[in-house]
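First the structure, which I've put down as structure tokens, then a few questions once you've had a look.
A, B, C, D, E and F label the chains in the order they appear, each numbered from 1.
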């Protein structure tokens, strides 16, 4: 196992990360390079379908065990617990209103599936295996943070009726991720063989194009968000993932995951949502300002995890096990 | 050609809110509506552009309802309640239609 | 700034009909028009949403024509003939333009 | 050859069908999972290009024979004849107006190319070959049903001028399907080798994503259509494909197609259009209600064929030859 | 429900010009605007349709600004300067809004 | 090496060109076959990313040499020089206004990346190698022509401020092409291996679908443009690429490119832009009529190069070296 610096440098010169940086630069220089919305959504459907399915096939091969149940539980605890810490830190250090602090906190409890994908690819590049069911852990971590944040903002206009609950719980990415996961379990290796030319072979390449788009979005987020960033907020965007990762590493180690699995759990805990949670916040906590939580998650934490965080979490996970 | 005066309500809201607005209109039994996607925009919360977006937040839709003057208030009240708390804009203008029975 | 009064005709029809409407406008030699895609809607025939659609049925477009008051009837008559049989809505409203010679 | 039940169960656990079911469930639970329109159209272009091209390459390998001409003729007769039967049954049993009955009948005479694709994949899974020109038969079956339906609805507002004729005859899917077919004949095996990494390898996977979308659409069709479904209409949506398939099996057997070819002809006869015919009806028979014909075709007959019909037709075709 | 009169400016320009129009609006500090994508159209320079397009030329967007009557001229003048040289159409119409403080 | 006729015929029966012709025919018969805008843009992003990356990997393998610098210089000279010739010929023979002539001239100085792709594929089909950095030459040739044309139209309303300069220089296709090129240099063969299932294997097939769309656009361009085409303009659309190619061949031979490289430089010089330049003209030279330059470039020169030009340039390049 390389040193963390070696890992980080190797990570930075993969096509994936280079395309992300290209997107970032294009946005910062205000190039009109752009990916049509439909293509971006199509790629995100593809990536979720593929990762879910492959995770399911993994489970169909290795079977279900106690560790899986523990990992799912750990995911729920992390997703629900991290917002509590994040909220407290935000209120103490940043001067955000309680509503805004709760909304930001929700993002850090929930997860970013693209960060998860990037970590999976990095593991694969190092020939480190991870448990297939980690994708189910990812899916299960999407929502608890949202409910905790709404509870934190209770009495501040958080609406939380049955309809909102349904919309949050059955949002497209959760349904596709878990649906594909179960399909993978049923279809098994045979099913994977049938469609691997679609979901395995071109996966990395699609991820490159997707990360180009993420770079563009993150860069625009940075440009637009600049005026809302205070130093305490900026710092939060960097130390909060580290705090999350520390808990992820601890839980992963405690329940006996493989090194790869620990790294993924740490990555999930460290990552911040920018799809599911923002949509939920607009519905249930409309007073919270998207101009704060979106640039934080997309412009600071996402690039940080992608470039520095992931190699670090992998290094620490390997050291732990 | 003979035309009849009607009102045109236009609601601009963020995409995640669309279903709420439509729900209100359905509950009020308006005869129809049409939703148009916006491409980009600027409001209190800054600028947004649909390209490259992966989520729906920020992106705005415009819901157009053509209806009878008499029904304006019944429809405006609940719509307004929604948009005061949430992000959105409601405008009303005059139009003339050729098939009055349709609305 | 000096502005000049004109009329704005807006026709909402199902996408397969778009070419018919455009054909009518071309035959009448209107100076221009613009078509906007709708995203979703509801009418006599129920609700529709463009996402996931593979065909064009159900999906609606809005054709906007800005033209001189004098020409209104010439254009409305054939449009109305089309939409009575087919699905569609025609509205007319007042606008002011800055370049009168363009229309 | 397995029993029909074995076939059906194997069919139900392929990733293709599982993704269709996932889409169906997501729509029925009102999840906001959705596939952007442009992606759905892009996939349908891809699928038609690929299937047309592969069919043409098949013909370039095996040459043209009398059976091909007979199969094309059989396709025309089926497409024109089935609406007559369907119309009579609808008028007798469902109380639809003549206009609506004619419109529904047109859908059942015409074909669904995705159902055809699913049947081709099922055959391939069973290592059963089918004639390459069956894709030309599919293309030729798209339109005759429309003209017969307009004739059935004559005097009821069916408009049928030269312009409509051109629009119906040159609709995009027919042009792409037959165009790709002829390109496949010209380009031959060499051409296929050049582009097979695009049109062969990922085909099944793309079909999975496309069927996910079809499941979403079918599910929404079912939900919206519920209030228009009477028992006689529902039953029609199930027995009409069986009647069509019976004719398809008979014709296929009579003209000497292979077992695979018979199964495909039966599938085409059994399938109901939901793209070309609805668009044609809006133009030429606007009085007919889309809220009847679309949910029938998409919500009832399409899922029926996909899950139960195709294995049944394959079983019967194998038994016949 | 009490409504307040405002003006609605609609600018149709070719997509490459969109950023120029938005730049003008930003410089003038209008409180907001929304851009809608058109699908097809016809003008002095012939017909265009968005499908299959790889570039942005020809494709048109409509920029909608709702603002106070008083500010109309400040905004119309620079917009008009842009569209006289370039391709485009500017219209103004009356609307009523429910939240006057928003504009 | 075959004769030019043999080459041309072989070129005409590749799936790529056949799909282009299919699109052309569909547009001319006014079929409603169409490719959604988002899909067309997605494919063009894909093609530019892939070609740029592969070019960069080529450079990472062969290193940088003096010829590369000379080729880049040749590209700049060609892009800047061809508009001068084109402008003179247009003013002399066609009666276009100076503004329109300048705008058309800009298109012929700049390049069409799809023509470049088609030529690369044709070379590959003949097992002829070309220098990887030719893609950088393509990128560098996009803009000089624009600046020359604005200079030609000075005093006629050409606006040329800093903002326009930035927009032209940082347009999306240049950024993606050169960005991917540099990423290819950094990522090297290892990077290529990781994503070749996405950017190499399906490339030709995607190009087929893209050329189908280009055929549709070219056909519509032809139909719409008919009324603006005079005989001198039509002729210009055919002889101008030949003049450009002649210079390309000469420069390529003089600086010592390989036969494949010479053919590509000739193709670049012969090709006319239809994305970057039209957009720049609308911004900086709005008085010029798009109804002249777009149909010329798309409807005449693009099909000419694709069918007749490319085999001819390859033949001549082989004869030269």
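Criterion: a contact is a pair of C-beta atoms (placed from the backbone, for glycine too) under 8 Å apart; a residue touches a chain by one contact, two chains touch by 3 or more.
None of these values were measured; they are calculated from a predicted model.
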Shortest path length from chain E to chain F (each step joins two touching chains): 1
Partner chains shared by chain A and chain C (touch criterion as defined above): B, D
Chain D against chain A, contact positions shared by both copies (same if over half, else different): different
Of all other chains, the one whose Cα centre sits farthest from chain B: F
Taking each chain's C-alpha mean as its centre, the one farthest from chain D: E
Turn needed to bring chain B onto chain E - CA fit, degrees, nearest 5: 120
Centroid spacing, where centroids are CA-atom means, of chain B and chain C in whole angstrom: 18
Between chain D and chain C, distance of the C-alpha-averaged centres to the nearest whole Å: 34
Chain A and chain F: spacing of chain centres that average the CA atoms, whole Å: 40
Contacts with 2+ other chains: residues of chain D: 34-39, 41-42, 167, 201-202
Sites on chain E at which at least two other chains make contact: 36-37, 93-94
Which chain pairs touch, all of them: A-B, A-D, A-F, B-C, B-E, C-D, C-E, D-F, E-F
Complex contact set, residues of chain B against chain C: 1, 3, 6, 8, 18, 22, 25-26, 31-37, 61, 66, 93-99, 102
Contacting residues of chain F [partner chain D, same complex]: 13-15, 18-19, 22, 25-26, 29-39, 42, 125, 201-206, 208-209, 212
Chain E residues touching chain C - in the complex, by the definition given at the top: 10, 12, 36-44, 60, 62, 72-73, 76-77, 80, 83-84, 89-94
Chain D residues within the chain F interface of the complex: 36-39, 41-42, 45-46, 49, 53, 166-167, 170-172, 175-176, 179-180, 183, 186-187, 191, 194-199, 201-202
Chain F-touching residues of chain E, taken from the complex the two chains share: 14, 16-17, 19-20, 45-47, 49-59, 85-87
